[in-house]
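Chains: A, B, C and D, in written order; residue numbering restarts at 1 for each.
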Amino acid sequence: MKYVATVGEHELVVDVTGTDGRYHIALGDQRWDVDARLTAQGIYSLLVDGISYVADVVDRDGSCLVDVRGELYEVTVEEHTRHVIRTRGGAAGAGAGRTLRAPLPGKISRVAVRPGDPVKAGDTLLVIEAMKMENEFKAGAAGTVAEVRVQPGQAVNAGDVLLVMG
Amino acid sequence: MKYVATVGEHELVVDVTGTDGRYHIALGDQRWDVDARLTAQGIYSLLVDGISYVADVVDRDGSCLVDVRGELYEVTVEEHTRHVIRTRGGAAGAGAGRTLRAPLPGKISRVAVRPGDPVKAGDTLLVIEAMKMENEFKAGAAGTVAEVRVQPGQAVNAGDVLLVMG
Amino acid sequence: MKLKKLLVANRGEIAVRVIRACREQGIATVAVFSEADREALHVQMADEAYPIGPAPALESYLVVDRLVEVARAAGADAVHPGYGFLSENAAFAEACTAAGLTFVGPPAAAIRAMGSKTAARKIARDMGVPMVPGTLDAVAGEEAARAMAREIGYPVMLKAAMGGGGKGMRLVRREADLAEALRSAQAEAGAAFGDAAVYLERAVAEPRHIEIQVFADSHGEVIHLGERECSIQRRHQKLVEESPSSFVDSAMRQRMGEAACRVARAAGYVNAGTVEFLVDAERNFYFLEMNTRLQVEHPVTEMVTGLDLVAEQLRVAAGERLSLRQADVTWRGWAIECRINAEDPFAGWMPSPGTITGLRAPSGPWVRDDSGAYEGYTVPRFYDTLISKLIVWGPDRAAACERMARALAEYRIVGVRTTIPILERIVAHPDFRAGRLSTAFLERVLPGVQPNDARHRDLAVIAAVLAEYERGRRAATSGGQHDASAAEWPATAWRRAGSGSWTGR
Amino acid sequence: MKLKKLLVANRGEIAVRVIRACREQGIATVAVFSEADREALHVQMADEAYPIGPAPALESYLVVDRLVEVARAAGADAVHPGYGFLSENAAFAEACTAAGLTFVGPPAAAIRAMGSKTAARKIARDMGVPMVPGTLDAVAGEEAARAMAREIGYPVMLKAAMGGGGKGMRLVRREADLAEALRSAQAEAGAAFGDAAVYLERAVAEPRHIEIQVFADSHGEVIHLGERECSIQRRHQKLVEESPSSFVDSAMRQRMGEAACRVARAAGYVNAGTVEFLVDAERNFYFLEMNTRLQVEHPVTEMVTGLDLVAEQLRVAAGERLSLRQADVTWRGWAIECRINAEDPFAGWMPSPGTITGLRAPSGPWVRDDSGAYEGYTVPRFYDTLISKLIVWGPDRAAACERMARALAEYRIVGVRTTIPILERIVAHPDFRAGRLSTAFLERVLPGVQPNDARHRDLAVIAAVLAEYERGRRAATSGGQHDASAAEWPATAWRRAGSGSWTGR
């Protein structure tokens, strides 16, 4: 079975065969024999050439988060053929523009910008109050505010679009 | 919903209504309001008139084993109508005779009796070696050995019939 | 009189901690819970548990009358406030006393005296305890603040007059930032303490935060149990604490301890309290504030002194004398505590509420986990993010550091982001190992910290791909449809759906 | 020379314990596992892990050559044997040394000298250490045994000459039982140690079992770390241990300690060892045997002395001097250990292997859980039943007892039967609280012990009925079919089916 895994900027083609906890893996030009067991929900034990790893793997909106030996990796795995089809269109693969979504549920405690405002990197856009802390959101890059979809006092859920940059 | 619960020699009729973790229970002539949650596999949190109990409930061949505040109860629960049908036959409800079954997997290390042997309560019948300990099985009451289905050195699985008393 | 039944007016790990102490003292326990906490660990561990309202603390854990009413109805004779919530609320202490309930904490008067940081600073000054220069009263407004800041000189620190736990606290480096900082500090203070008053003091450069644990009984005896080093902070909230402090020698310990006891005596203090100091590079210490409650980080003091502080609180509240005098206090070895919070240290400490689908806590020699969580527990989004406190003891600091590194590596919390990865990096940092600590440590270290250094990238990819591979195989065998959650985490999916109750509501 | 990489020739909680110590010492670890242990905790915690054969220990954990070969191939420079298995096998120690591997334990000669209980008794006699009257050599046969027993007088004790851990041990009250007891003792000894030889000694009436922890370095220094009280036993296997013993005062501790050190010196002993004594009602102590390895119950000594025995073993094995002298040994407070075994105490201690579907270990102040299990772990039926050791510390015995009671009540292990309920009853028993202990304690107490006293019967019924009720409701909503395991414990069912691997094989 062939997959495309994306981690950071790296896109890797991975080929997997095997069963019953024992697998043969081709990653780029490397070959691995892996003894892998799911010992508990999301907690995997892997033996690779005798080296013992425990990896936590959690699904997280589409991609998955892997914790191995205290290192965190965000990995997106896609079936190879599906990947090819999706990316043939090229632009289709691009992101949905610079929208700021609520990363967690909370209450908008302050909105610092209005539509049309020019902002530079580091400017405060808005503040969400959640779990008794004020979480400030700053602009990652310069630009202009296109839309503001929330107002102070409003409750938001994770994933809600808060504002859109031009 | 009506059930018959058997614990030790006691047979209790229990009537349950309710949903979403909140239940009304009629047990004999008592009435209970119970807030019950499954907080983890087999670990239940129950609030009864403000008293907080944690009960572990495990299925164990038919009946279930309940551990509450360090006390262990073996409870058999049966749907009321089913119970009525089953017990109307009377004898049908009786056990399958006095057969000694292996309670765990192991190796027969010694058989102390032969078919036809008379035994009195406390006599050693046979010994199973499991988990590095010799586990001796003694007769619970006087009787005669009808069949011996195993021999020394033989491996047995949990539930295997070892011998039958007349 | 001996306490018979105690209501714990709190939640989370500290409620569990108090319940454990009560059980060991033979005192029955009454838990309270908001609608968000029915399945919380403290509810399961207490002898009794009663609902006190909706999820928001303002409608449950902070409603004085309801708590007193529940305590009365349950036949409790004492109340332990834990930390946070109403623990430093004089009115609550008075309400308990008025209802005939023993409040496990200082007298209301002492809470009031120290509750206002500005009033506390006056007491400290009168006791001849050194202080950081700043306003003795809350700042009137933007103008006054600007003027005062100019007089003191930047950088300055804004602090909530009724504050604690770093809430409503802001470091201001230049005048341009003052207005904005004042506004947000006041907003946070108002939200957290129902009082927006903030005061202003000179910010000490790269200070250490070192506090003294004091204990007083109702018979006039006041002792100290040595210091705790709490310099590793983020957003003015402590993250790593230890006792003793490698910065404090026995002479300095004695001076700080005596100063702390003077403040406690002046405040007519009884029960456990903590006097916080700032310490500058020249080992000068300045009075910061007194916390009139049990500290989050009390366990490190317990591990080195061998004294159970909560048990001692219960004895003292029952009118007994302190179980030891100053001369009897001995210290053995070194203890470190790390706070495990449901936050994403690589995303600006963003809170990360949610269900803990996998949990393996470390254990073994001299490892202690004071936790409010269990596998399957859902961290609610309504309260602070503390999941657990990991405490280790060792014969010396080096051994304690090695043990903490080992324990952090063992700790597995799956389903929510936690501070564990950043704690591992802190404990491994040469400056930390060398004891070169300051409240600026984290700001200095953080920028260089990455979620990973790509060392195990291939393995991470393999794990992720194998998970997908097996998911597909199972989906295929189970009738073609490709449902990750159903195929892979049935129990979780189900638990999430049913939010822990038995039916999918 | 400092150890760099160590192979742990063991499994379960002790393998985990050694791995933790190595990690804290900066020593890399190599685990080994049988086919039954691929998913064991020690495999997951080690840096490296290699298979060594089929499930039966005789084909894996007891195969000397394979272990040495794996250690060599992995580039290890040391081997820790743990307890049990090859820990007291002189040939294994020699094989390690011959392969250039540091054996973390005594020299082969010392193991041999003490390995034969009969030889050990001769040494003790020569050192003028009191002994229980009995045979100095193994009994030749049934006739010889009968004659010797008559001479000594009943009741007599049969013990495996190469024994340990109570295996091959039988108490014989009257001559009629001697033949049968001898046969089964020899059978058990043969199976457990590959040597059926047993010897015979006078059975002391209601004795206490008290042992002394000794530690010797390769520079001739020998010290003792005080006693452990191990009188609570079932089938001659320890169940509850504590340190210190309420039966031993400092004078007696010194006498026993010196006797133990004499035996150790006479045996040319190095590293950690334990000298076991029987103590009668008049406080006379008799040499029983010396265990030339780390004891299961070593943690209680660690908690009161503050010394990490495994870390000390590693240092001593590396040729370092003991980190402290006799005069430096101090004891603080009281420690108790309870052994959590997968056994049914209400069914003749029947082993209860299987999958642990739910696990919540206790924690909090001064509670230590040395475990080899995790939620979802399957206890194999091939090895001993020890799941975990629960250790608590308190300032005095009463506090330690209260803490242990609290910790046991918190401990939840669902899916297999355990010794927890019986341990709760032991710790609550007035004789235990009063320190009235003897190896006969359990036999005296057990008959009266019931799985329950019906106090919570109604609640148990309600819980069971509600489980069935919800099972039915879910079955109804999920398409009528009534499948308990699928409806209620999907993850377990799946895990069981897949025995932990990703696919149902």
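Heads up, the rule we're going with is that a residue touches a chain if its C-beta (ideal position, glycine included) is under 8 Å from a C-beta of that chain, and two chains touch if they have at least 3 such contacts.
Quantities reported herein were computed from a predicted structural model and do not represent experimental measurements.
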Query = Which chains, if any, touch chain A and chain C both?
reply = D
Query = When chain D is withheld from the analysis and all other chains remain in place, what is the resulting partition into connected groups?
reply = one piece
Request  = If we define chain centres by averaging CA atoms, which chain lands farthest from chain D? Would you check?
outcome  = A
Message = Of the pairs B-C and B-D, which shows more C-beta pairs in contact?
response = B-D
Note = Here the gap between chain A and chain D, centre to centre from mean Cα coordinates and rounded to Å, is 47
Query = Distance from the CA centroid of chain B to that of chain D, rounded to the nearest Å?
reply = 30
Request  = Indicate the residues of chain B shared as contacts by at least two other chains.
outcome  = 19, 36, 38, 40-41, 54
Key: Multi-chain contact residues (two or more partners), chain C   = 45, 360, 374-375, 409, 466, 470, 473, 489, 491-492, 502-503
Ask   = When you check every pair of chains, which ones turn out to touch?
value = A-C, A-D, B-C, B-D, C-D
Ask   = Where on chain B does chain C make contact in their complex?
value = 19-21, 35-41, 45, 47, 50-52, 54
Request  = Give every residue of chain B touching chain D within the complex, in rising order.
outcome  = 1, 3, 5, 7, 10, 12, 14, 16, 19, 23, 25, 27, 30, 32, 34, 36, 38, 40-44, 46, 48, 53-59, 64, 66-75, 77, 79, 103-106, 109-110, 127, 129-136
Query = Given the complex with chain A, which residues does chain D contribute to the contact?
reply = 31, 38-39, 43-50, 74, 374-377, 491, 495, 498, 500-503, 505
Ask   = Can you list the residues on chain D that touch chain B in the complex?
value = 167, 184, 187-188, 191-192, 235, 346-353, 357-358, 360, 381-385, 408-409, 412, 414-415, 420-421, 424-425, 451-453, 455-470, 472-473, 484-485, 488-489, 491-492
Request  = Would you tell me which residues of chain C are touching chain D in their complex?
outcome  = 16-17, 20-21, 23-26, 45, 299, 302, 306-308, 332-333, 360-361, 363-371, 374-375, 395, 399, 402-403, 405-406, 409-410, 466, 470, 473-474, 477, 489-492, 494, 502-504
